[in-house]
Amino acid sequence: TPFILVQSTTSTQNSGLFDHILPRFTATTGIEVRVVAVGTGQAIRNAAKGDGDVLFVHAKEAEEAFVSEGYGLFREDVMYNDFVIVGPPSDPAGVGGGTDAVAALAAIAEAQVIFASRGDDSGTHKAELGLWREAGVDAQAASGGWYRETGSGMGATLNTGIGMNAYVLTDRATWIAFGNKQDHRILVEGDPRLFNQYGIIPVNGERHPNVKADLAGVFVRWILSDDGQAAIASFRLDDQQLFFPNARN
Amino acid sequence: MQGFEGVLAQAFGLIAGWDADLVEIVGLSLRVTLVAVLVSCAIGLPLGAAVGAFRFPGRAAISVVLNALMGLPPVVVGLGVYLMLSASGPLGPLALLYTPSAMIIAQTVIVTPIVAALTRQTVEDLDGEYREVFASLGIGPLRRIGALLWDGRFSLITAALAGFGRAIAEVGAVIIVGGNINHVTRVMTTSIALETSKGNLELALALGIILLGIAVVVNALVMSLRASALTVAYA
Amino acid sequence: MQGFEGVLAQAFGLIAGWDADLVEIVGLSLRVTLVAVLVSCAIGLPLGAAVGAFRFPGRAAISVVLNALMGLPPVVVGLGVYLMLSASGPLGPLALLYTPSAMIIAQTVIVTPIVAALTRQTVEDLDGEYREVFASLGIGPLRRIGALLWDGRFSLITAALAGFGRAIAEVGAVIIVGGNINHVTRVMTTSIALETSKGNLELALALGIILLGIAVVVNALVMSLRASALTVAYA
Amino acid sequence: MLEFDAHPNVARLPAPLLEAQDLSLETRGAPLLRQIDQRIRAGRRTVIMGPNGAGKSLLLRVLHGLIAPSRGQVTWQGRPLDRQARSAQAMVFQRPVLLRRSVLGNMRFALAAAGTPRAQRTGFAWQALAEAGLAGLAHRPARVLSGGEQQRLALARALAAEPELLLLDEPTANLDPTSTQAIEARVRAASDSGVSVVMVTHDPAQARRLGEDLIFVHAGQVVETGRAADVLLRPKSPLLAAWIAGDLIADRP
Amino acid sequence: MLEFDAHPNVARLPAPLLEAQDLSLETRGAPLLRQIDQRIRAGRRTVIMGPNGAGKSLLLRVLHGLIAPSRGQVTWQGRPLDRQARSAQAMVFQRPVLLRRSVLGNMRFALAAAGTPRAQRTGFAWQALAEAGLAGLAHRPARVLSGGEQQRLALARALAAEPELLLLDEPTANLDPTSTQAIEARVRAASDSGVSVVMVTHDPAQARRLGEDLIFVHAGQVVETGRAADVLLRPKSPLLAAWIAGDLIADRP
């Protein structure tokens, strides 16, 4: 069977989204989709080297740079979900129930309680850094102290953070699907600044002749189509919708 | 977090359940590892024997390098092989990236130095005993290597098994060049890594225990063959 | 993608730059690895020698298990140690998780079977030559182990170096129990993994080359010590 | 059975130092030793002779407890042979195995094994080496010693254990005439001081010089035994006669 | 120098088969062989004698090209000794090293090394074993052979190469009288068929029986040389005299 390679990130794979939607795509088009889930930077880099037909990540600036540099044909919004701040029930920084992520981070920095950051330039990490900037906190200065950069994927960072009783910024999908929550729970959510947009980019076939531009096109079109969007919307875990399609059409 | 017995139970559950996906993954793990180990032995045994048996300028340096290459970081090997096989790399046209072949290549790069370095030592010891006889009989280099490998075979099996152990447990390199693609390049170790990142620690541990069980079975087979060979052969 | 020379240049640039972070990371890598290897030898050498030299029921089984444990998947070791050391685990009170000590423990678990299994083989071969004399002289088990390890020391160094290689290259286990926390538990291999996931492949490769350089230096030191010892000692 | 054991009173005599009872040894079907009943008498010098491959070295190993017989048993002073009985014996192998250490190191190791307190080892070692005429080679790697030197070191090592029984497997095979004389003298001295000796040799002259009892082995069987002098002078079995005449074909059927 | 080389015409004689010129060997300062000038004559049987540790085995190794001398050189038929010259020689070591294979396997390996075509190896091997009286042990692990059997196998292995020169290091040390006779006969036969022989022995009788030329080594030096019969009968050097009298102290200063 014909197949395409999708370079994506762990959050989308770990949540189980692909397992939910891809069979539908394959059923309708007969095209197999092979997903390589790695760090955002690595995914972009791999795609730039032509080792992928489609790029499906959540780091808008990087994605637009990717397109403007001619590696990708175009970028389209596909769906969004949101980030949440999870933490221990004891909630030493007392941020529980809040909806202001920036204030929460400020409080955490104030209380100097452990915060586990991915520290891997991923979309999630970039979003986190943005929030620190708004909070006017130089977290880097505390690196190794209360601010712990795990330099790992979302799942590994959650494992570590939970092990350290730390606060962690994570995307909701990964969190809901995560199996090692222990007592940690969502403490801060609903802040519009926690918005997490996913985009899709067909890789430019002119740069890399091996890229299956046509098949990639089929997939991108499907994802952006009502079918694809519906498939995304229908993916639920713990009776919650994890991703919210928002392709413009 | 359920206790260890819970994990064990889950492991046996998985085995008993004879999940098709699990079988597929185990099969691929074995296939990739065994091929990689065979290739590594085909290269590492004669290479190690040559370094162990012959005296030539730079021999000491080569021994050091062989030993040092036992410390090749998997991720680095993965990157190197990736850059070779990448569409924009020299071997791109072969389209091997994200296939089992790529994983075999990466593992071979990691395992060969291990087999070679351990063989070097074993053969060096054996050669210390044989070299005068060989010199006196005036046998050529090829026959000499052959005789040393043959007479040392029972000890050399351990070198091969060390290579097998490294390969079957390897994850860093194969996940980069294989991509851990479901039903295509997903093996035991990459599954374990995936489940760990999903926070399914018990499942990951259970898979690990199964993997270890496989290693035990393979080693038991090899060692029993060795034993039965030893009884008829010449200590 | 700059070519290999580019990567080499970057590697030397990093070394020349003598970046404080780099020094910190290299230092921790060496510290963790060397301690782990020392502990592994302290356990693995006598253990392997005992299995190699003594005949007792279940000996074959133990050899098989030792060989199989060379295939311990790092991630699994990492998880096991993690569960031991985590706050809810039996050793939680020690608060060792996410400290270099945890990484040393994990590496020791991985390296000890390697040292033990390779020692078993070397000692078994040596004992084949010595056992009648030892039996005739009627020496006790302890002295026997000691003599075998001492007389086999030049071959056993290779076993230790194999352990070192595995430890210095290890990433799967240490990243789980260490957490790859910047300035706390970040070592060479975890940095390489991080830079890779960031897509900084050249930097990752450069770090890998530095790591390999370190391995070469350590091996060269050990082998030259060995050589000079050999010349005064008894072949 | 030695014929002088035939007397009914023999039963009242003290148990022999070492006794092989209906001893048989085979590997993979091949019979190597067959139904050997043999007594080694305390305080005597017993020589074992026989063609190459007769089983002399194997017999010595079995008597020393290094190989368990397939059938029958060996008793030491009436009790079954055990590890501690073995430590009352010392053996010099036909092909000495020396440790990868200096000559001195090998001596010290043997003394340590014999339980000599650490403080005295070095002194004793030097003394033993001097007696063996190896003092000049003390710091040499033992494994580069010449054939004869190795045999001398092996004997010195065995004597270090101050054994009750000395098992010697062709201890002078590689020795020059002078050293041979020296070794024979030491063996005789040891035996005079009460040490029992069992020695394998191919040299009839040596057997005549040193042997009191003689055991002639052929193809894994004890063919003839008796006082060395008598047996060598008037062999009963045609095999031994042929052997002394020097035309016994060594190869086994 | 052999005295019969003193004649001025010697220069016109064909180059000797093997010649040691001002040969010296030392390890870490210890002199093991000192200024040895010696000719081995083609087609002759040369015996080397001397006390334990004199340097006989080392000399053989140097002549065989296994050890490079510290000073001086060895020439084979006038040309410096090289790998291919060595393949025209065969050596039986004092302590034979057999491969971890069957007796037959060892023979076949030696034949293969000697360049015997694969098809004929097994046949030749069986024949060689039969001649060595080892046919009955063909399928035994070579390393469990008895001392004497190993020596016989080692000699058979050396003869398989059909060498021009045979270097024998105490080849009968562990042999029974019968085998010794057999081996001596084979050596004489080989020598009659034109093979040159250099043989180390400790047995003066054997030297007298087999030796044509004799080289007496002591403490790494050639002390006396000449026709075996003459030298053994009328030794010139007091050392050799003492040695024959059997009271030369073997230990070196």
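When the chains are written out, they are named A, B, C, D and E in that same order, and each has its own residue count from 1.
In the analysis below, a contact is a pair of C-beta atoms (placed from the backbone, for glycine too) under 8 Å apart; a residue touches a chain by one contact, two chains touch by 3 or more.
Just so you know, these numbers come straight off a predicted model, no measurement behind them.
Asks: Can you list every chain in contact with both subunit A and subunit D?
Replies: Both-contact set = C.
Asks: So subunit B and subunit C are the same sequence; what rotation in degrees superposes their CA atoms, nearest 5?
Replies: 180
Asks: What chain pair has the highest count of contacting C-beta pairs?
Replies: B-C
Asks: Counting in whole Å, what is the centre-to-centre distance of subunit C and subunit E, each centre being its mean C-alpha position?
Replies: Distance between chain centres: 50 Å.
Asks: Can you give the whole-Å distance between the Cα centres of subunit B and subunit C?
Replies: Subunit B and subunit C have C-alpha centres separated by 17 Å.
Asks: Determine the centre-to-centre distance between subunit A and subunit C, using the mean Cα coordinates as centres, and give it in whole Å.
Replies: Going by mean C-alpha positions, subunit A sits 36 Å from subunit C.
Asks: Quick check: what residues of subunit C touch more than one other chain, meaning two or more?
Replies: Those would be 1, 82, 86, 88, 176, 193, 196, 201, 235.
Asks: Going through subunit A residue by residue, note those that touch at least 2 other chains and give them in order.
Replies: Residues 46, 49, 153, 156, 159, 182 of subunit A each touch two or more of the other chains.
Asks: When you check every pair of chains, which ones turn out to touch?
Replies: A-B, A-C, B-C, B-E, C-D, D-E
Asks: Show which residues of subunit E lie in contact with subunit D when the two form their complex.
Replies: Of all residues in subunit E, those touching subunit D are 30, 50-53, 56-57, 94-95, 133-137, 140, 145-149, 152, 170, 173-181, 202, 204, 243, 246-253.
Asks: Which stretch or stretches of subunit B touch subunit E in the complex?
Replies: Subunit B residues touching subunit E: 129-130, 132-133, 135-139, 143, 147, 151, 233-235.
Asks: Within their complex, state which residues of subunit E touch subunit B.
Replies: Its residues touching subunit B are 61, 64-66, 83-84, 86-87, 89-91, 93, 97, 99-102, 105, 109-110, 112-114, 141-143, 157, 161.
Asks: Using the touch definition up top, name the residues of subunit C that touch subunit B in the complex.
Replies: Those residues of subunit C that touch subunit B are 1, 60, 63-65, 67-76, 79-80, 82-83, 86, 88, 114, 117-118, 120-122, 124-125, 128, 155, 158, 161-162, 164-166, 168-169, 171-172, 176, 188-189, 192-193, 196, 201, 204-205, 208-209, 211-212, 215-216, 218-220, 223, 227, 235.
Asks: In the complex formed with subunit A, which residues of subunit C make contact?
Replies: On the subunit C side, the touching residues are 1, 82, 86-88, 97-98, 175-176, 179-184, 186, 190-191, 193-194, 196-201.
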